[in-house]
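Contents: one structure, followed by commentary.
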Amino acid sequence: MNTEYDGFDYSTSLAGASFPSPVFTASGCASSGKELAQFFDLSDIGAVVTKSVMNKPRHGRSTPRMAETPSGMLNSIGLQGPGIDHFLANDVPWLLSKGSRVIVSIAGETIDEYSVLARKIRPVQGISAIEVNISCPNVENRGMVFACQTDTAARAIDGVRKIIGGEIPIIAKLTPDVTDITSIASSVVDAGADALALINTVLGMVINLDTMRPHLGGKTGGLSGPAIRPVAVRAIYQVHSAMPNVPILGMGGVASGRDALELILAGASGISVGTASFGDPTAIPRIQRELHALLVARGFTSLRQAIGYAHRASEEGAQ
Amino acid sequence: MNTEYDGFDYSTSLAGASFPSPVFTASGCASSGKELAQFFDLSDIGAVVTKSVMNKPRHGRSTPRMAETPSGMLNSIGLQGPGIDHFLANDVPWLLSKGSRVIVSIAGETIDEYSVLARKIRPVQGISAIEVNISCPNVENRGMVFACQTDTAARAIDGVRKIIGGEIPIIAKLTPDVTDITSIASSVVDAGADALALINTVLGMVINLDTMRPHLGGKTGGLSGPAIRPVAVRAIYQVHSAMPNVPILGMGGVASGRDALELILAGASGISVGTASFGDPTAIPRIQRELHALLVARGFTSLRQAIGYAHRASEEGAQ
Amino acid sequence: MSTINKSAAQITATILSNKRVGAYHQILLSIGDLASVCRPGNFVAIAVGGESSKMILRRAFAISRITHGSASGGAMELIVAPHGSGSRWLCAQPEGSDVDIVAPLGKAFGIPTSPVNALLVGGGYGSAPLFGLAEVLKARGCRVDMLLGASTGSKIYAPLEGKRSASTLKIYTEDGSMGERGRVTAPIPSLIEQGSIDVIYSCGPMSMLRAISDLTTGTDVVHQCAVEESMACGIGICMTCVLPVKGEDGTVSMLRSCIDGPVMDASTVAWDLVGKTPPAVTL
Amino acid sequence: MSTINKSAAQITATILSNKRVGAYHQILLSIGDLASVCRPGNFVAIAVGGESSKMILRRAFAISRITHGSASGGAMELIVAPHGSGSRWLCAQPEGSDVDIVAPLGKAFGIPTSPVNALLVGGGYGSAPLFGLAEVLKARGCRVDMLLGASTGSKIYAPLEGKRSASTLKIYTEDGSMGERGRVTAPIPSLIEQGSIDVIYSCGPMSMLRAISDLTTGTDVVHQCAVEESMACGIGICMTCVLPVKGEDGTVSMLRSCIDGPVMDASTVAWDLVGKTPPAVTL
């Protein structure tokens, strides 16, 4: 564990899983870790959240898969990946050998697939948590986003929970593209999610002005980056307000320590950094340093004191 | 009518109402027009969409009411305004006297209030259309956003339709903050909306890092500006795809002719420019010029040919 | 043409000079003919961050002084505190670069038609519009006294300028590093009591304006203050910059400080309601 | 440390010079020790737009040439076409300004261990990495012929440089404004037939790479091409830049062109699947 934060308790926990720092990679924005290892030591950050893996290997969507937008980007990767077997045999052992804490993200095309994935992960030693991605917008059918409806969201989580028992914390990852995110959040918590990951990308689209057609191979894509940060802060604030005891892994447009602090004050116990790593391979350790300095400057002696502080401050506050 | 587009037919119509150009102000981003008249001639643009007016005068929310965010901003005005009587007695006549086409935006706290407003507007001569704002996020209770549910959305529109009859086109303004915007769109069309305005702002929040509390007086606010453009394009594309015959007034992050073109190719028959006018008081006439040049450069001889072209191109297209 | 901001125009202005002065930057912009329509109290809205900026809103700055040059036309002086990313960007622009400005905006200070005794009170960069104002007042035969205050000496802008433009100048800093230690409002009660001032012109933090307002309440002293609210547009179209102002009948309206201000009659501002949800409108 | 991009580092590089050359800008960056680990075919990813930029992604540029200087260390040359807002920003940066770069990235061209006859084919700014490559190949005793093509003469980068670095140089433009009128691929069939080339190194638009690939299929000529796909990260973490590549067993995988490329064995690329939804994975 990290000791460079002397005096300050930078550790965090998500439903029993502990981490020396609250700054993680975001699923799909760090592959399986190897690529970033050239730029910093993976054991120095809170955790590596791996790219959502499915049961079978998968090609994903056709190219182009990305479009830059003002202060953001769209992606339509479509969950390309090697499949769970290859992933568990190769990527997880490599990450653990580097001393990294590992959160495995899984995604299924059917409710059953989530259970199948859980069954394969259960016996694996050393995994800190499972992030259940029920909100990837880049699947063939927009109706397939389980996190859009309380019942499908709950069933996917329930399938995983039944198999995992209490061994590994389950983090349900939600989309902000719903009418009422708190109702989705409470349905997955009822179904057995220990924590929530907020937010996945926002559904968006870009038209290519040369071809005058949708730019992305998959037509629509997921919007990420600083552009969506106010949406992430709002979602985290709303959900933390409704369920103050459910830990939240916050993400969406965090590119600096100040951004991370904003999400933490809104209620996040940990921060995933996604798109920022594309523009800056050392974004995560930088954000980790900046956040620490900002917390200390505000007189906090532990990260925990700051989590959800915006809610408490408003009770105490003058207004 | 404008003749400076010689050869090119720049006119558009929204359910029977005709406009010499497709570029309008956005409701709430031009007040009642007077303020912009110093910077350009209001009769030169397509139309002035006035700030949503309620039945009674209204103070709106407490300050601060805005926060700049990456490529966007949050606002929480809360529908401050003079009330419909003052508005109809003063602002509408002034706009008409300047030769401006006027679209009156109305907002109600109750379903009934929409009918009351419609009753007062009905006898007024010279109004091109009514935009019914059922999606303002800056009202006391987030549950009050009628456009979040198909039934409340439909009832608000139905109330207006019953009173307006067929005299004035009704444009229903929707929020993208819903699980399925096409179902909301079809419910308001069934209830009598002639056209749709897409999109209102996206619900967001900013935490002030000095006070460590929500920055806006109203806590949450509406996100607008280029940051949300991909969301607007997606919403317009989805709705146009589902209901190709329902005209759409598109908006959300349009700051240049290229942005306007993107929304038009996605399916918008007209474009409202909101936040861009804050950063550039002459944004609207500039965007109007730029869009015209881009359309001509692509070989279009009328605006109409370009509306929804991204859908047709993808049928014809090579892939 | 409108009656609102009726002299305003959007132009490209060249930075003639950009000098650090204490904690501030003194920036001189070449604005041609526009100089002739700028009045003390008006402000300018400047686009920041360049072509591919993520900052979409203009930044507002008080027009500090206007000089009517020769060939190149007039110039506008600003006093800019490098605060956040937008003002820091502006302070970093080199001489010779161009900025997109909209000016003059807002209501100017009211100038008395006959000579009066005027007290000008500035807090921090709030002194900006006071130098230009002092010149105009003196030209009208007014007596001009000036009080400048700040947290520390480096935030007192150009004390020598102050001396030149006013009959008397008193400086207050909270840490005592320049002038007297204390608040700039300290001497005001006795000045009012002595009957030595007719009008106070103030510009600075809202708390300072309010404090002065409290001191002038119930006296004959007129108090014109230049308020500072967060502004998204600066031209009256967004309704973000509102301030509760009492009408003649006592009802409070939320007025836009960009077009109904920034200069306001301090006695009409409902200071206790600033930043609060105003009471529901009653008809 | 990883095996991927194992020499890559993120550094601040100073622009030593920035010159317009035809339709391009030749930009020289001071990169110190990093120069020693850059190989022809590697690319650099540059942050664009400055501190308050709305452009959040880096832009990729082929490393055109490396010079090993004296005191100030090595330098990296780029050939940049002002295309959209990011590349235009880079082309507008003055000498002396700093940029944030990550380099060297991706797989370099494979250099034969024994002397061969090499044909270098560049389209537009695709000629960028070929000059440096030519020098390396010549140092290994290879014969180097070069073909450069573009739509028009101003888009042929530095034809004189080409002449210096290759044994022969032929230029093709589609409008005939420089060299011969036609496509750069025109002479390749007869060169292959004559048996005068062993390896083709190509860099340019995907359509050009594919056309060359079609010509070399079924011949003994090895074809290494530097592909260009839209890249969000450039370092292998985002999966946006994938290309369908056939494995030894004939199955197609979507490989990341940033780390498994940009230089690829053209015979393994499933050209007909580029930009299509690849067939479902079968196990």
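Chains: A, B, C and D, in written order; residue numbering restarts at 1 for each.
The rule we apply is simple: a contact is a pair of C-beta atoms (placed from the backbone, for glycine too) under 8 Å apart; a residue touches a chain by one contact, two chains touch by 3 or more.
It should be emphasised that the depicted structure is a prediction, and the values quoted were computed from it without experimental measurement.
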- Note on the structure: Joint neighbours (chain A and chain B) are C, D
- Query: Which chain has its C-alpha centre farthest away from the C-alpha centre of chain B?
  - Reply: D
- Note on the structure: Separation of the C-alpha centres, chain B versus chain D, in whole Å, is 46
- So how far apart, in whole Å, are chain B and chain C when each is placed at the average of its C-alpha atoms? 35
- Message: Where in chain D do residues touch at least two different other chains?
- Response: 54-55, 275-276
- Task: Can you tell me which residues of chain B touch two or more of the remaining chains?
- Result: 70-72, 225-226
- Assign the assembly's chain-to-chain touch graph to one of these shapes: line, ring, star, complete, other. complete
- Sites on chain D touched by chain A in the complex: 1-6, 8, 10, 47, 54-58, 100, 102, 229-230, 232-243, 252-254, 259, 274-281, 283
- For chain D, which residues count as touching chain B in their complex? 54, 275-276
- Which chain A residues qualify as touching chain D in the complex? 28-31, 34-39, 51, 56-66, 68, 70-73, 75, 77, 80, 83, 217, 225-226, 255, 275-282
- Item | Sites on chain A touched by chain C in the complex | 70-71, 226, 319
- Note on the structure: Per the touch rule, the chain D residues reaching chain C in their complex are 48-55, 85-86, 89
